[in-house]
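Notes to accompany the following structure.
Order as written gives the chain letters A, B, C and D; numbering starts at 1 within each chain.
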């Protein structure tokens, strides 16, 4: 069965800015989903901020293997309820891929536990993406580096925890560097941040970028059944202990109670 | 100058439960602070949930090198504003030490980005804490293992990210194991979780536990000046680029503007 | 195509000790390989110390996707040449799974860069293996814990680097704990250490242990083509620089030379 | 007591190449040691390849808190016995700092367990070193970036394991990037790799580079007593078990024996 992938797009710039609308006539989310759908192992659809529950009701997330997120101008409009819903699914095993300005998306900050900030410059300068982890599944089929002739600059320090793997680092024409591809594990969920993708440039039409996204979907997919009780903290009654023990000393709780949260 | 340490205590069980009040007449927070103050390199005071702003106004946090947190019954009563204030100070360099049931404290969940759950049993059983990282600064002066004759059991899986260092793992009489000492880095802040410390047992009067806490304060202390602009994402104007570049292509932002968050 | 797996067995105890020969009449290596071959996605064969080049000539390793290693009494008899050959294949993408007493195998110490030591006791005591990373691919289909009624004890501290993921931690009847399942990445190769498997007990006949081994083979398999030049450090001549630069200042090397090693 | 630091220099280029001898009349090792000695908390001396036991007899290493290593042309001439001696001291708690071309030093490859390779170009091009971990102790007092106008280029992929912390990443004029400051923990020893320092340029006379080296010495210093039995794997006799157990089943070893290595 193909990997059920949802590309979430904020869909604001595409509606308000002619340049962006010109580069991505169907919206950035559909440009990405269309590219993913050329891989027979992936089945991609889209969701946007403007839909009810931002297009991410619980029923849909339950059938989503990997969620891709692009946001920028409207991070603050994403409801906290949807954010928590997404994050719990990630902990339960849903893959999560954050693109470019989603470094400031609530869902990313929520799973990182850090500010996720950086420096930036919008000058259409050259970005060169270097593979730093040879033969990492996300770098499959890529050359050792590739260039994007026009991109926004993001510069270090990038306010994130040290990753599981540093897959890409970018060189910028104006003199900065940035860790452009980082993997994390949060609960049973695989998380990948990928830097390129400023809205005014045709980045998501680039063949290497599309290959990274396809690879990342395969990498992020955890085929195990989603964990249902992912935040539960079950009490183990004394008489159910695996080794025989006798209760000793004072206690605050009753057997099998839920505990404080 | 000694390390300015604040021991934050929820201070609920001590007021409501005679057993806890008997074990910790001045409250758990003062038992911990008194122990820390026997180390001439540490200057410890306390703060509690019941004080205005939970005893943690911005002015006090600005002068706190390391914050220790014990909470259990009233995690939900801690204001989100104080939580964000604490977390930003951690990112800026304040050390943070979480004790026992603080695995479910808002501040811990906030910096971990994971559910932080576990299994548990309150039977006064034996816990044996093993040092897994020889000569780690937090294990300084400890034997290779030590025992707590009566403790609450916490069992794996512990819902946290893989740590920077696994310093302790506990063996429980009833058959479980638990990663009892874990270090993390969040921004410039050092974070340490330490498992023992159930309120009905005299754990914080134990000499080995007190030594761990002293060591942890020294380890968590980042002597660099606190970062002030820890969430800023500054724009670098084109004419300030370190290498000369010319602006190319369309742009969405103006030079020096704040960007979307 | 099934994952081409070679189970390397030291094959010493099986020849010299009647108990071991009784538990594993075909040798431990064949017990493991036979179990793996019940998975249609795996094609397992064996190699032993006593064969020419220990059964691991370069031509065979080139066609091996995952190598499993069990050694104990004869670590010192493994030739350094074969060790380097194996390690280079790991860096190039071959998976490597180390079992039990292979914690002291040359190949494991070589890729860890640490002493890999531990404490031990041979008393046939109970081991309980806890899953610490829910839904990790290596834990697929396992219960949250499983028991081995008779095993050798290995105790912390385990002299290894902090892993990429801690998948299992063991509880021992005699009071110790041990990190029983640890993952690492070395170059393009995935490395997994799995603790159970003392030669005098029927551990490799246990259904849960066999499931771990099958899962580990799938996890360790990197389907990308093996990297051929995995230790090369190529010179980039000045006139091949991606951005135009002019040579400046004194130099020691000539364009395109090999450099010092 | 100041941190007892030994700067090990290969001392080959300084003897054979007039340019290098001109830049470093006392040798690179003394240039570094002299710089460190301006910090009252550090007491630095030197050792070289040409001395008996390369200047690193066991008695000296026992009194060395931090060892700094610069090598290039003669990696192969370093005796394996000295390498093992150094590595065991690192595991026991001695700090180790590797400079520039020491990426291919035997001691570094030995503790990494990876090829440690990279790409390179000697063109005297500009390197800009970015701090990627704000307020990391090794970055204390540094600006957010600093430049070295003439340096050798090292390019990714750098064949090392994912580090504990990525402290610096370099931008190169010719279009490459490189992880220039990486920390690791090996046993009780702190390990730091720092990229800059090509022999034909005055890099070790640069104030920012000298500050990094001083900071790194303080960071790498583990004040705990050196572990003496760092590779021991002690047997725990059955009657010494912490929880009472009875011996069951067949066994291969005798109580208290040394075990196989």
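The rule is simple: a contact is a pair of C-beta atoms (placed from the backbone, for glycine too) under 8 Å apart; a residue touches a chain by one contact, two chains touch by 3 or more.
Only a predicted model underlies this, so the values are computations on that prediction, with no experimental measurement involved.
Chains that count as touching both chain C and chain D, per the definition above, are A, B. Among the pairs B-D and A-D, the greater number of C-beta contacts is found at A-D. For this pair, chain A with chain B, the centres built from the Cα atoms lie 27 Å apart. Chain A and chain D have Cα centroids lying 36 Å from one another. Our note on geometry: chain B versus chain D, Cα centroid distance of 31 Å, whole angstroms. Looking at chain D, residues 128, 133-134, 155, 159, 162, 164-165, 175-176, 185, 187, 242 sit in touch with two or more other chains. The touching residues of chain D, when paired with chain B in their complex, are 92-93, 128, 133-137, 140, 145, 164-165, 185, 187-188, 222, 224, 227, 242. Note for the complex: chain C touches chain B at residues 128, 130-134, 144, 155-159, 162-166, 169-172, 175-177, 179. Looking at the complex, you find that chain A touches chain B at residues 13, 17, 19-20, 72-76, 87-88, 91, 101, 104, 110-115, 117-125, 150, 153, 155, 159, 161-162, 164, 173-176, 184-187, 199-201, 230-238, 241-243, 245-253, 259-261.
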